[in-house]
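For reference, the structures are reproduced in the following blocks.
Two complexes come next, and they have one chain in common, chain A, joined by chain B in the first and chain C in the second.
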Partner chain A sequence: MTRIKFHQSLDELKEKLLVMAGMAEQAIQRAIEAYRVRDASICNLVVRSEPSINRLEREIDQMALDLLAMEQPMAIDLRFILAVIHINADLERVGDQAVNIAVRVREMEAFPSVDLPVDIPRLAELAAAMVRKALQSFIEGDAEMAASVLTMDDQVDKMNEAAFYALSTLIREKPELTPQALNALIVARNLERVGDHATNIAEDVIFWVHGKDVRHHVRSDV
Partner chain B sequence: MTRIKFHQSLDELKEKLLVMAGMAEQAIQRAIEAYRVRDASICNLVVRSEPSINRLEREIDQMALDLLAMEQPMAIDLRFILAVIHINADLERVGDQAVNIAVRVREMEAFPSVDLPVDIPRLAELAAAMVRKALQSFIEGDAEMAASVLTMDDQVDKMNEAAFYALSTLIREKPELTPQALNALIVARNLERVGDHATNIAEDVIFWVHGKDVRHHVRSDV
Partner chain C sequence: MGVGIEVKNLNAWYGQTHSLVDINLNMPANHATALIGPSGCGKSTFVRCLNRMHETNPIARATGSVRMGDIDVYKDASPVEIRRRIGMVFQRPNPFPTMSIYDNVASGLKLNGFRNRRIMDEVVERSLRGSALWDEVKDDLRKKSGASLSGGQQQRLCIARALAVEPEVLLMDEPASALDPVSTSKIEDLIFNLKSQYTIVIVTHNMQQAARVAENTGFFLNGRMVEFDSTHKIFTNPSDKRTEDYITGRFG
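Then we have the complex of A and B:
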């Protein structure tokens, strides 16, 4: 394989990873739409999209392996391939979170809709924006943009913590709302995990660009 | 680098990963001991061990990169190195879960100890056993043993689901126990995530041994 062909293959790998990112993001958007309008048919869409995400994850891993096998890549390319391997795994888990949320929404169907002291769509928007921005920083090889994702994560963590205490207070005052409040609490935590995955991706981008490992930026989880 | 030296380096990589596994497992054991005896000083131990786990994760990733850069590994060795990269990331996240549990235990200090309808130490023992078994299957290259971890995960998921409903019922009946019940619910979910990471590791072992991807065994999350 020539050097030029090798770099074409790296580009293909990147393209495939972006498709993967699009699928993961769509799954999250749909899961939250299902939550917002309490629609079980959207939940089914999310659950049914999981096998395709999983299949694509395997394809990308295999492509990465093939590239490692065929060439003796240079350090920067190696770091790129390692970043792809890590990001791929995180995107698949974003898809898992979408499925978890969809399953929660189905459970909620049995209970009347109530007002809760947590803005799940806003939390979801922030988490999805983190994933988008992390991927954008990957496309552009922009470590500074990636670093801004880490700041967004602090915000998601804070919103999630606030939701935890507000819902916990609500449950004590109105125990009859326990099922809905617990469901919202779990969905908020699922979204926080999406934010954690976006953070992982951003850290991988910074590592790839700078060859410097910034993982283990403080991560909290109420 | 000679072939023999390359294989020595692979062994070193494996050794380092086992040290990493030992640290992650110890962190979980300590976090659960802290939960059991409600001891904040053990929580501090867990939180303080995180930087070493993170440092070791970086070292292992770097070693894997160096090995990929120095040799043109054969397919089986490539799959091994890829498995190490994946397992390494999962072990680091097991350590994160231990920290999350330790943080929860500290929060619990403010509330009186009460009996709850969830056997956290048993759930923890099962999750820790999954990690141990997944690593054992890695050491022995035993895909069958790895497959048994997937079965254990179903059990952890079921226990966690039962805990969710039991705690949710308790909260409705005794809203004054909400803080303790929510804390236990979160700890149970943290342990379920440990089980998920063990499952990921087991799947990586099977992939390494068989070159066959069994990831995406059904994973549930209440």
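Then we have the complex of A and C:
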């Protein structure tokens, strides 16, 4: 009963999710680049990529649903499909965050550029690195690599928190910079959410590989 | 009430073929235990060792210990007594074709010399209710033969026949493999209900069925028990790679 067709379908599902992952990762990187160079044309690329990501999300969900209904997968195959469904949703939301950042960058064009007391590029770099590493752990089925993503999330959270305090102080002290500070605050929040989605993806990889649910993680479980 | 079954160092042979190798297993009372594995892996031999049917084959033998509650199956009771206490249902329903429905259910009691008509009526009704067949056959108990029933009804009749002698354990060797989905579902509901009164051991090739009906599952391969654990663990995250490869269809 070697289930050749079923296992081919699982490979196809993985390939499709990797296409989705590539698109979501590209969207977030473009959004970060748009922020860095304040380029509205890059923002447009990000916004235009969203429907494709959304379409792919639906296709992947449909494939996963078909496999659950038709093949009654068990054990590691069942965990893989559940992980794909979760990761798929997280990637779509990474795409949404990229669009949110792009929209902010467009908005920022209306205001003069100022130096802000936050290191958004560094936060962006870290969040993007989390996404990359989480996806790499999925490609390689490497739960240890996935576990290392979880520890990176603390750093992103701290940077977001620091940005919040620095920018709210700035708003109090220099109210004329409120629009720029608010935009930066929202971008920092978007990047922190990207880190959360990368964390979710890493948790799903651990679940797939080891059958261990580390969501809302107690670090000792990981 | 059901009793627990404890198997220690069970080995079985057919002639020179060593069919079961060092099986150790505890099956808790009033639970359903599923046994899965590829054809020829030894799971049917295993259940036949539990009620000493294995030894009805002249070239077969078994060593080791099987305890059913306080009784050592191989030392403390005759095979006939053991088979009364451990009922068995087979893959293909095998009612006595010329006997009425009533006589099919009562056959075990009659064989044991039981003659009290009133109590026999009660036992037949209770057994048919226990196998969820009563409502479908109560008006035809003596009019229709066992063979006139549908396949699913025949299997439930065989379960009623097994229940009539008040066993503590029910062995089911692929009890639904010859049945349609509706009849299969009735047998599975029955297993769920019977667990409160009996310990159930079910051999099945249908892994979804094992997942649906059993609290614990054992995976057999080449005469050995590779893994025994909660059904949930076996089907979501088995410990042994061979179990995982089997249930995910990577071999077998």
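In the analysis below, the second predicted complex is superposed on the first by the 215 of 222 C-alpha atoms of A that agree within 3 Å, B and C clash if a C-alpha of one lies under 4 Å from a C-alpha of the other, contacts with A are read in each partner's own complex, and residues count from 1 in each chain.
Rule of thumb we're sticking to: a residue touches a chain if its C-beta (ideal position, glycine included) is under 8 Å from a C-beta of that chain, and two chains touch if they have at least 3 such contacts.
Just so it is clear, the structure is predicted and the values come from calculations on it, not from any experiment.
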Is A:A129 touching the first partner chain B, the second partner chain C, both, or neither of them?
-> neither
If you stack the two complexes on chain A, which partner ends up touching A:I85: first (chain B), second (chain C), both, or neither?
-> first
After superposition on the shared chain, which partner residues are touched by A:N54: those of chain B (first), chain C (second), both, or neither?
-> first
Per-residue contact with chain A, leading partner among chain C and chain B = B
Residues on chain A lying within both footprints (that of chain B and that of chain C) = 72-73, 75, 78-79
Touching chain A in the complex, chain C uses residues 207-208, 211, 234-238, 243-244, 247-252
In their shared complex, at which residues does chain A touch chain C?
-> 1-3, 6-7, 72-79, 210-211
Per the touch rule, the chain B residues reaching chain A in their complex are 50-51, 54, 57-58, 61, 64-65, 68-69, 72-73, 75, 78-79, 82, 85-86, 89, 96, 100, 103, 164, 168, 171-173, 175-176, 178-179, 182, 185-186, 189-190, 213, 215-216, 219-222
